[in-house]
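The next part holds the structures, each set out as C-alpha cells.
One chain, chain A, appears in both complexes that follow, with chain B as partner in the first and chain C in the second.
After this line comes the complex of A and B, so read on.
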C-alpha cells in the first residue's frame, strides 16, 4: 500500500527530502499498530496510512498541510503517537505527520512562569529542565513519556492536578497551523507580545482549539505552545540510587512528605479528599487503587500479585488516595502535616502503614511526581487497558459515577472479559485546582482480543448512558461524530457549533476528523 | 523461534519508553535518548518497540522482505538499551525477539552484503576482522606467557578478534596479561590457536556460527583443563558467559571480565597501584559487559492468564532487566588509581549510550556507527573529562576513530592500560 495520490507524494518528498517521508509497508505498520486498534479491527493494526512524514519545523508542517489541501489528501498529526487516536480514520488516501523531529524546548520563562515547547518534547525532559530552575510542570496521567504540549492529549489531566491544574487550563499562547495551512498565532503571540497569555491582546480562540474534549488532532496542527509552570520546592537534581528496575531516591527531599490515607467508606473518602484539596496544603491528591499501587511498586506481574495481597491485608477494601505535601520551609511542612492529620482523623481515616516505610516512600514519591506509572499500573497487567470511561466534573460527582460504573463492570468481569480488579476497584481520580473540580476514571484491564474490546466498547456506551440518565457530565469517551451526536442534543446542541467550526476552518475537510467531528450535516 | 515471542510482541504498548533512558533517572534534556537507531533515523520502526511490531508484521505475514526492511532490521547495534528501558515497567522481552528476527532473516537467505563478507572471513580465518588466521598470535609476541595448548595453566586469557588483529590496541591486551602475571595468576593464552567466540556472529543472526565456535572453545578449554576464562573484550565476555549458557554449552566455566579480575586482585592486595596518574577520566560501560553482561536465566514455561486474567508466567519468570550487569568493578578500579579523578557521564550503567560498533553496524553502516560514537565522545567531553576509559576493544576502536574524526584531544584508554601505568 502506498499513497494513492502520487503527485502528492512527489510534492511532499520534494519538500521534505527522501529521509523524512516513507511509504514502506514495514514503517507504516509501526504506525498502524496501536493500543486500542482492536476497538475498530480484528487485529492490533489499524488500516495503514498512505505515507508517514517527519517535518522538522513549522514551515515543513505548513508545506505539508498546503500540499494536502492542494491534492485533497487527508492528514493527521501526532506527537508521541501513543494510542489509536493517532491513526484512526486513515487509509491509503491519507498521510500521517509524525512530529518527532520537533522536539525543542523553545523557552523557559522563569519570571512569567511559562515554558514554550514543540510537540515532541516529553514531560520528563521539560520537568528535568524546569527543576533545575526551581519550577515544575503538569505531567499528564498517561505518563512523562508523552508530550509536554498542553493540548497534545485530550484534557491533559495528571496526578498533580490539584496544584498544577491540567492541559486545557495550562495552555497559553499557541502557534497553530490551521487546517488550510495558514499560520495562526494565538493570544499574546499574535500581537507580538510573547507567549504569556492565550487570550490576548491578540486573537483568542482557546475555546475552539479545546472544544468540550479538545480537537484530538482534527483541526490542523499545533506546532508550538506555551504552558503554565509551577513552583518546585525540591532539589534541582534528584539523587537516585539503584539499578533498573529498583530505583529509589537516596532520600525523601527535604520539605516533602507522602501519605496514603484510607477511609471506612467512599463518603468519608470524598469528604476528606475535598477538604484536603480545599485546604490548599497538597501538591498531589491522587486516587490510586490498591491493585494499581501494588503494580506500580513492583517490577513484574508475579510480584505485583504478591504485594497486592500484602497491601490488601491492611486496606481490607477501604478506599484511599495518595497525598504529597511540599513546602518552602520546615515550619510550613509541619503545619501542612498537622492539617492533613487533623482532616484524616476527623474523617475517621488512617495512614496506610505500608506507604509510611522509608524505602517505599523513597521509591514511590518520585514515581508519583515523575514517572506517573502508566505502564506498571495499567498496561503490564493484561497487556491492554482503557481508562477513558470517566469524566471531569466535581470530584464527588465523578467518583460517584465511577462507583456506579463498577456495578456495570462486574457483569463483564464475571464473563472474564475484564480483569476482576483483585476483588476491589480500579478507580483512578484526581482533584483539580484545590478541589474546585475533579476527575475520575474506571480503569479497565483487558486482553488484546476483539472480544474483549467489543465488551469494552459496550461498557463505555453503557457508562455514557449512565451519565445521561443520572445527569452526570460528558464522559471522556465522547469523541468523533458518534459521541458528539449522542451528547450534543443534551447540551445546547454544542455539536452543531463544532461542525460549524470544522467547516469554517477546514473547508476541504482534509484534517482527519475521526477523533474530532466531521463537517457532515 | 521468533513466533514464540508473539505474546510479547502483541503486548507492546507502543509507549516509546524504549527510545529513552528510564524516566526515573532522567536529569537532563540533552541526554534523554538511549537508542541510537531511533535517534538517528526517526521513524518509529527504528525503535525497539518498532522492531517488535515489525517482527509481528512478519510473523503474521503482513509484510514482505524489502531492502528497506532489511535496513530497518540491521541498522541497530543490538545494544539492548530498549530492552532495559521497556522492562522498567513491563514484563516483556524486546531484545531476544530481535535476535530471533535476525536469525530468521539469515535462515530465509535475506542477508546483509557487508555481514556476508564478515561471516565469510570468519569461516575462512576464524576471526571477525577478515585477517589471516596465521597472524592471530602476533599481539602476544615477547610476552613470555604460557600457551594453554602446550602447558597447564589455571586461567585462560582470551584476547578476542579485535585485540588480536588491531595492532594499535595490542598494548591493552598485553597490559592485561602483564597485570595478571604480576599478581601471580597462573595465566595462559591460546596464541595463534585462539578462535573467535562467535558472539558477534550471533548478533548478526548467525546462530550456527555461535554454536560452532562455542563447541570449539569449550572443547579447547576442556582439553586444557581450564576452569576460568578471563577476557578484556566485552563481546567475548558476553559470548562465553551469557550466550554459551543460553545455548547450553557453558557448563561450570567461570567467566570473568578483566575488570572484575583486576578489581578482585586490587582488593586482595595482589596488585598495588602506587604511581600517580593525574587526570580527569570518565568511564563508558560497554553494552555487553554492563546491561547485557548479567547471567543468562533459563526459563522454559508458558504464559498464563488464569485465574484472574493477569498475564503471568508458569513457572515464574525472572526477567533479565540489566540489574546485575558488571557496573561497579571497573568503577572501583578507576577509583583506586592514585591521582585520577573519576567523573560520570549522563547515561551510564544499564542506560548507557552504545559506542556504535555493535550488531554489525560498524561493518554495514560505518557512518551510523561513527555518528553514534561521536555522540558519546561529545557526552564524555561534557563531563570535563580528559580521558574516556572503557573495557572493550570495539568501543576503544570506535571512540578513537570518533575522536580523530572530531579532531578532538580526548584520550581513549582500555582500563588495563591505565592500571599498568600505575604499577
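After this line comes the complex of A and C, so read on.
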C-alpha cells in the first residue's frame, strides 16, 4: 500500500527529502500497530496510512500541511503516540506526520515557572531537567515516556493533578500550524512578548485548542507549546537501585512520605479524598485500585495475583487511595502528616500497612513521581485494557458513576468476557487543583478475543448511556462523529458549534477528523 | 411597529427608555473613547427576555451593547461604537442563584455585585478571589468575563480563573451552557446527581467559555455564571514589605509564590496605596504618601481548617526564612499603614467614592501582562512617557498583581485626572497612545485591549485577528453584538 496520490507524495518528498518520508509497508505497520485497534479492525493493526512523514521543524510541518491542502490528502500528527488515537481514520489516501525529530526543550524559565517544548519531548526528559532546578511538571497517567506537550494526550490528566493540574489548564502560549497551513501563535507569542500567556488579545483561542479532551489531531498540528511547571522539593537527581522493572529509590527523600489510607465505605473514601485535597497538604491524591497497585509492584501476572491476594487480605474490599506529602522543611512535613492522620482518623480510615514498608515505599514512591508504572499497571495482565473514562468535573460524581459502572462490569466478568480474578473495583481517579475538580475511570482488562472486544465496546456504550440517563459527567470515550452526535443533543447541541469550528478552520477537511469531528452538515 | 414598541413587547413598558437623560448615561464613560448616544436602553429581567432581544436584533440588524455593571464605566467597552445601538442593561438581573459550600461554587446573575455576593458567601464559610477593590457597582460576572486579575495568585491556576461555567445567549440567539453545566441534564437534574457546574472546561473537545471571556460582549450575553470560591480562613496574618527597589520585592514575591505560601499578594506604589487608604484630601493623602517607601508589597498567610495556627506557623517560618535569605524585612506597619487595616480593606469592594476617583474625579488605567523580569524596565519606560507629557510620574499609581500562580504579572498604571478638563483629557489620550507602542515593543502584552488599544494590538498579530473573526462569524454572523469593539 502506498499513498494513492502520487503527486502529493512527490511534493512531500521534494520538501522533506527521501530520508524523511516513507511508504514502506514494514515502516507503516509500526505506526498501524496500536493498542485498541481491535475495536475497529478486529486485528491489532489499524489500516496503514499512505505514507509517514518526519518533519524537522515548524516550517516542514507547514509545508506538509499546505501540500495536503493542495492535493486534498488527509493528515494526522503523531507525537509520542499511544493507542488507536494516534492513527484512527488514516488509510492509503492519508498520511501520518510523525513529530519525533522535533524533540527539543526550547526553554525552561525558572523565574516564570514555565517550560517550552516541542512535541517529542517526553515527560521524563523534561522532568529530569526540571528537577535539577527544583521544579516539576504534570506527567500524564499514560506514563513518563509520553509527550510533555500539554495538548498531545487524549485528556492529559496525571497522578499529581491535585498539585500540578492538567493539560487543559497548564497550556500557555502555543505555536500551532492550523489545518490550512497558516501559523497561529497563541497569546503572547503572536504579539512578540514571549511564551508566558496563551490568552488574548481579547477572547482566548485556547477555546478551540482543546477542552477536557484534546482535539487529537483533528485541528492542525501543534509544533511548540509552553506549559506551566510546579515546585519540586526533592533532590535534583534521583538515586535509584535495582533492576528493571523493580527500580527503587535508594532512600525516601527527606521530607517526603507516602501512604495509602483505606476507608470502610465509598462515602468515607470520598469525604477523606476531598478533605485531604482541599487542605493543600498533598502533592498527590491518586486513586489506584488494589489490582492496579498489585500489578504495578510486580514483575509477572503470577506475582501480581499473589500480591493482590495479600493486599485484599488487608483491605477486605475497603477502598483507598495513595497520598504523597512533600515539603521543604521538617515543620511543614510534620504539619502535613498530622493533618493527614487526623482526616484519616476522622473518616474512620487507616493506613494500608503494606505500603508503610520501607522497600515498598521506596519502590512505589519512585513509580508515582516518575510515572513509570502504566505498562505493568494496565497492559501486562492481558495485554489490553480500556474502560469507562470520566470527565474532569467532580471527583465525587465521577467516582459514583464508576461505582455504578462496576455493576455493569460484573455482568461481563460473570460471562468471562472481562478479567475477573483481580476483582471488580478497578477505579482509577484523581482530584484536581486542591479538589476543585476531579476525575475517575473504571479500568477493564480484556483478553484480546473478538468476543471480548465486542463486550468492551458494549460496556463502554452502556456506561455512556448511564452518564446520559443519570445526568453524570461526559465520559471521554465521546469523540468523533458517533460520540458527538450521541451526546451533543443532551449538551446544548455543542456538537453543532464544534462542527462550525472544524468547517471554518479546516475548510478542506484534511486534518483527520476521526478522533475530533467532521464538518458534515 | 417602532423600535420602542418592539422592545416594550419583549420586556414591558417600564424596562424601555428613550429618555435623553437616560441615553446620555450610556453615551460616554471615563475613558477617552468617542461618545455615541444609543438609540434606546432596555433592561431585561431574564435569560428568556435576553434571547428574545437578540432574536429581534438579528431580524432588525440592530446593534446591541450589553452592560452588566452600574456606572461609572472606565474602558469604553459599554459605549456604543456605532449609531442606532440598543443598550441591554442586565444590571437588574440580581439573583444569587445558588451557593454550594461543599463544592466551593456560587452561581450568580450578571447584576450581582461584589458587595452583594461577599456577605452571602461568608455565611457559607466561603470567600471570593476578587479583584483589587472593585467599585461598589461592579458586576461579579462582568469582572470574570473581563479576566480581571485577582489578588490571591495561589488560587489562580489559569488566567481564566475564577470563572467556571456560564449560560450565554450567543449573537445567533442560541442559548448555550459552557463547561460541565452543558449537561447531560438540566441544572436541577445535575444538582440531584451531586454535580455543581464547577468545571469550566468543555464540553468535550473545546473550552467554549474562553471564547466569550475577554470578548467585551461581542459574542453574546451571559445570563449567569458560576464562580469558584475558596474556604474562609480561620486565622490570617498580613505583612507589609517596603522598598525603594522594585527588583528586590519581585525576587521575594517569586519565591513565596513558588512555595504557595501566601494568599493575598500584590504590590502597589506609594501613590496607589495612599489613594486607597487616605480619608482626608488632599492633606491626609499627602501625609500618608510621604510616610511610605516608593514600593509596598502586601501579603497574607492563613490557616484554614485543620490546626490553623500550626498551618499559619509553618508558613510564617518558611516565609521568614526566604525573607532572611533575601535580606527582606517583614513588617506589620509601614509609615501610617497597618497591615491589618489593609487586609480588612482589600477583602471588600471599594468604599464610596471609588478609590480611583477620590483625588481628581477620574482615572485612566493602562494595563498589560508581563513577566517579573521585565517589570522594572516597563515601569521605567512608562515613567519616562508620563514625564514627557508633563504628567509627574510620582502622581501615577502603579499596581502589580502576580497572576497564574506567579507565572506572569498584571501591571497597571493609574493616571488620575480631572474630568471635563480638555487639556488633561488630551494629555491622557496622548500618553495612552504613546504608551502602547513603547510598552508593547518591550514585551508588554495587552491581553485585554480596550478602546484604541484594540487596533494597535491586532495590528501586531494578523493570524490571531483572522482566527478571531472566524469565531465571530460563527457566533454573531449578523455582527449585532457590540460592533466596533476588538477586531470586529
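FYI, the second predicted complex is superposed on the first by the 510 of 521 C-alpha atoms of A that agree within 3 Å, B and C clash if a C-alpha of one lies under 4 Å from a C-alpha of the other, contacts with A are read in each partner's own complex, and residues count from 1 in each chain.
One rule holds for everything that comes next: contacts are C-beta pairs under 8 Å (C-beta built on N, C-alpha and C of every residue); 3 or more make two chains touch, one makes a residue touch a chain.
Given the structure is predicted, the values throughout are model-derived calculations rather than measurements.
In the superposition on chain A, A:124 makes contact with chain B only, while chain C stays out of contact range. More chain A residues lie in contact with C than with the other chain of the pair chain B and chain C.
Once chain A of one complex is fitted onto chain A of the other, the partner contacts of A:100 are limited to chain B, with no touch recorded for chain C. Within the superposed three-chain model, A:280 lies in touch with chain C and out of touch with chain B [touch as defined at top].
When both complexes are overlaid on chain A, the residue A:20 reaches chain B alone and has no touch with chain C.
Looking at the shared chain after the overlay, A:33 reaches chain B, while chain C stays out of its contact range. In the superposition on chain A, A:354 makes contact with neither chain B nor chain C. When the two structures are aligned on the shared chain, A:412 is found in touch with neither chain B nor chain C. Of all residues in chain B, only 10-17, 20, 22-29, 32, 42-45, 49-50, 53-54, 56-57, 60, 62-64, 66, 68-69, 72, 84-85, 87-91, 305, 308-313, 316-317, 319, 321-325, 327, 349-351 touch chain A in the complex they form.
Against chain A, in their complex, chain C makes its touches with residues 103-104, 147, 157-160, 174-177, 180, 182-185, 189-190, 192-196, 198-199, 201-216, 218-219, 228, 231, 254, 258-260, 304-307, 310-311, 313-314, 317-318, 321, 369-373, 404-408, 440, 443-449, 454, 457-458, 460-461, 463-464, 466-468, 470-471, 473-474, 486-487.
Chain contact summary for the complex, chain A toward chain C: residues 109, 111-114, 165, 168-169, 172, 178, 182-188, 190-194, 196-216, 218, 228, 231, 275, 278-280, 328-329, 331-332, 334-335, 338-339, 342-343, 391-394, 396-397, 400, 433, 436-437, 467-468, 470-474, 476, 478-479, 483-484, 487, 490-494, 497-498, 500-501, 504-505, 516-517. Those residues of chain A that touch chain B in the shared complex are 20, 22, 24-27, 29-31, 33-35, 43-45, 52, 54, 80-83, 98, 100-101, 105, 122, 124-126, 128-129, 143-145, 237-238, 240, 243-247, 299-302, 304-305, 366-367, 370-371, 373-376, 379-384, 416, 418-420, 422, 445-448.
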